[in-house]
Amino acid sequence: RYDKVRDHEEVGMVTGLAWTAVGGVTLEIEAVSMPGNGKLQLTGQLGDVMKESAQTGVSYIRSMAKELGINEDFYKNLDIHLHIPEGAIPKDGPSAGITMTTAILSLLTHQPVPQYIAMTGEITLTGRVLPVGGIKEKVLAAHRAGITTVILPKENERDLEEIEKNVRKNLQFILVENMKEVIKAVF
Amino acid sequence: RYDKVRDHEEVGMVTGLAWTAVGGVTLEIEAVSMPGNGKLQLTGQLGDVMKESAQTGVSYIRSMAKELGINEDFYKNLDIHLHIPEGAIPKDGPSAGITMTTAILSLLTHQPVPQYIAMTGEITLTGRVLPVGGIKEKVLAAHRAGITTVILPKENERDLEEIEKNVRKNLQFILVENMKEVIKAVF
Amino acid sequence: RYDKVRDHEEVGMVTGLAWTAVGGVTLEIEAVSMPGNGKLQLTGQLGDVMKESAQTGVSYIRSMAKELGINEDFYKNLDIHLHIPEGAIPKDGPSAGITMTTAILSLLTHQPVPQYIAMTGEITLTGRVLPVGGIKEKVLAAHRAGITTVILPKENERDLEEIEKNVRKNLQFILVENMKEVIKAVF
Amino acid sequence: RYDKVRDHEEVGMVTGLAWTAVGGVTLEIEAVSMPGNGKLQLTGQLGDVMKESAQTGVSYIRSMAKELGINEDFYKNLDIHLHIPEGAIPKDGPSAGITMTTAILSLLTHQPVPQYIAMTGEITLTGRVLPVGGIKEKVLAAHRAGITTVILPKENERDLEEIEKNVRKNLQFILVENMKEVIKAVF
Amino acid sequence: RYDKVRDHEEVGMVTGLAWTAVGGVTLEIEAVSMPGNGKLQLTGQLGDVMKESAQTGVSYIRSMAKELGINEDFYKNLDIHLHIPEGAIPKDGPSAGITMTTAILSLLTHQPVPQYIAMTGEITLTGRVLPVGGIKEKVLAAHRAGITTVILPKENERDLEEIEKNVRKNLQFILVENMKEVIKAVF
Amino acid sequence: RYDKVRDHEEVGMVTGLAWTAVGGVTLEIEAVSMPGNGKLQLTGQLGDVMKESAQTGVSYIRSMAKELGINEDFYKNLDIHLHIPEGAIPKDGPSAGITMTTAILSLLTHQPVPQYIAMTGEITLTGRVLPVGGIKEKVLAAHRAGITTVILPKENERDLEEIEKNVRKNLQFILVENMKEVIKAVF
């Protein structure tokens, strides 16, 4: 059902790529903010590693707020809720790190992310982007869904060789080592 | 025992549709509010997925409050309790998402939902309505209970073909892609 | 040991009826209030369903406070403790819903419930009374204990036919569909 | 090691009686209070039923404070810690209810309980004293330890007949139906 | 590695004695305080009984503060952290009660405990010292480590007879019934 | 992937050494701070012992703040998040104690730790450094990664003899007994 690119871009929504038992899939990650006091809510049957990954992304943003041009006090005045449908399917792993972080940044900067972009990559507290698994399957899923730009960890560059030329030539790949390069690519 | 439509409409009450081991059933979802400070209480032996689904609905409302014509501060001044009888029967899954969200909206806008309407559909944070399972069984249960209007996810449209004509012609189906279409249909 | 009716009525005490492996029993439900800030304490080895049932009763009272003639602020100034002896016996199920709600209402209105009344029934958030199991066994236990009036869900009316005439003629049955009928019957 | 009566009485200390796999034993229950804000700490490897029993005793005292001549605000200004040595031995059951309640009352009224008194009995929220098991074994343990007065639930009166005359004549039994009778007997 | 007495005394550090599957060992118990608000942190893989034992010691100190010459408000202005290395080894039981209590008292009175003293004993809320197991093994471990003074529960006196004379004559034993005797011996 | 030394030093990042089923590895420990109120967040699938080790390091810093030249109030005004990638790999044990403590000290003093330094050692509350396992494997991993200086517990000195000369001569070893020696070595 997540096979097709959305027909529009929307603040707080970013397309991720997951690797499941039945192959790669695209994931529509959604984040909203509300007047509040700094609560971070994570739903969609996310496992511990995925929750820690989201928390790591939030701390990256909080500790870099000034440099990222974000109001340093956002954390005191907002509650943030991040949800990944379908709500009944368990999800885990660190590979949605940069996607979740981008969704929250989209919210906080009020800038949408183009709907033809998908991404995957583990994030660390200081914004480093670490390699992840399932690149081939994820890229195929992105291609099937009509995605035209895929953001990947630089350290996964070699994994692209396994993908057939036909698919590769229809996609633009952006290889990143740091969250700042993700930001530059999507906003 | 939930076989018959209520004889009146009441603020905070909405009829949902569930799919159980023994077929489809109707569920009377109830929500009340009390002077409080933003606590959300969920009872009726609801599983994790169902609780996350209710929380997602609440965040949808909170983040859209202004647009939905709801006092943005409702969350600071009220406690909300949502209960699904029968209290001893375990319930789970995301398919009551739009029903629970509608019950809370009914509360907050003081508008009842007509008792002859039933609905099913997963909700996301941004109000998208995702398809759910068991459409045929759920529609039959609605029909047996005397429901005349059923709200379903647009993506479940094809599932209606499995239902026999006799039943179908006695029901009005409203297919929705977004929570806003649910709101337009019931209030 | 709970075989005999108490010899007096007392604010906060109401007799319930439970259905156990060894037949029906009467339960003395007790509630007390203390200066506090809205804490609800539930003891007596109550299971999850029973705790949710008590919480549902409290929310019914809180959301209806004005209509029930109760100070709307009671929840801010009191702690309520509800206990069901014997403390070592695990108890569960929704059928003490109206009994627990009545005990708390007795506390809040300072009106005792006559000791010759016993009751059983599931309560919902909006005060509907739903049918419960074990009616025959519960009525026999009430009769043995010297109870003269039994309050039951209207939907359980047919279950009374299973009880032998001899017992039935010595008891007054009050069949209720809504908590308001319980209130009218006991205060 | 708890075989002998203490050589003095002390505020906050009361001797209980427990029934274990190896027979009856005496238990020295200790309670202390500290400037605080109403926290109740329970240690000594107490099981759930025993903890609920202590909480029930505290709520009895709080809801009856005025009548018992205790400063109604004690709960706001004190933390209470109740501990039952030996700390490594798991303990459970409701039968220390009146003993724990008496220990806390001793603290709050600054009156010691004579060291030659031991007691056993379940307490309810309204101060009723319910019967408990193991009376014979508990009384023998009290006698061995040098106790001269044993407080028991009135409903356990018949259990005293099982105890041999020789032991019985050396002990004074106080049979109680309500916590107020315990209070009258010990202070 | 804990085989040798420290070469100096230090506020907050006290040597305990534990009895493990492989014999007796000495334990360096450490406590530090920080500006805070009364939080007690316990680390070093301590089991439930050991944590309750530390809490019992803290309540003893809090309830006796005035008598012990300690600022009654310490609990409001400090956080206390007690840690028992080695951090990966699970520890449990009540026998470090007086040692943990002494470490915290050392902190609060700014008085070190001489490094040639080791101790073992269960503490109760009112400061009673109860007997513990493994006396022989613990004393041997103390001796091997170069300890010269061992504080033990009075009720363990008889256990000293099992220790060979050669060891006994090189150690001073202080037998205690109450925490006050421990305090007199170490400060 | 963590085989190579970073190409630069950065405040809050310190290289640790871990011993896994497949040999030694280097770990990039990262810490960031944010305006906050003293929350310590620990992510990267850290086990209980490792979390207690981080808490012990934080308490060491808090209780020594003045002596370490750190603003004593840091704990009231900052949240600290420490993360150890890769986020999906479970990690445990006390041997990253000095590394995590150093990362937080780097943050609080705004001084980076040279990227060619790696370290391992258990920390206690008073700053003692205790020996750890896997020294040989850890040193080899450090060497492979291009580390030139390894900080180790003094009590592990003998373990260095097992490492072949060829490796040893290319590395500087700093043997420490106390956290203060680590601080002197890295800042």
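General remarks:
When the chains are written out, they are named A, B, C, D, E and F in that same order, and each has its own residue count from 1.
Here is the rule we go by: contacts are C-beta pairs under 8 Å (C-beta built on N, C-alpha and C of every residue); 3 or more make two chains touch, one makes a residue touch a chain.
What you are looking at is a predicted structure, and each value in this text was computed from that prediction instead of being measured.
Common neighbours of chain A and chain D (chains touching each): not present. Counting only chains that touch, the fewest steps needed to get from chain D to chain F is 2. Set against the Cα centre of chain E, the chain with the most distant centre is B.
The two sequence copies chain D and chain E touch through a face in which the numbers common to both fall below half of the numbers used overall. Among the other chains, the CA centroid farthest from that of chain C is the one of F.
When chain B is laid over chain C using CA atoms, the rotation angle comes to 60 degrees (nearest 5). Chain geometry summary: the mean Cα position of chain A and that of chain F are 30 Å apart.
Taking each chain's centre as the mean of its C-alpha atoms, chain B lies 52 Å from chain F. Centre-to-centre separation between chain B and chain E, using Cα means, comes to 60 Å. Of all residues in chain A, none touches two or more other chains. Following the touch contacts around the ring from chain B toward chain C yields the chain order B, C, D, E, F, A. Across the complex, chain E meets chain F through its residues 1, 10, 12-13, 28, 30-35, 41, 43-45, 79, 81-83, 85-88.
The touching residues of chain D, counted against chain C in their complex, run 48-49, 52-53, 55-56, 59-60, 62-63, 65, 72-73, 75, 93-94, 97, 122, 124-126, 128, 130-131, 155.
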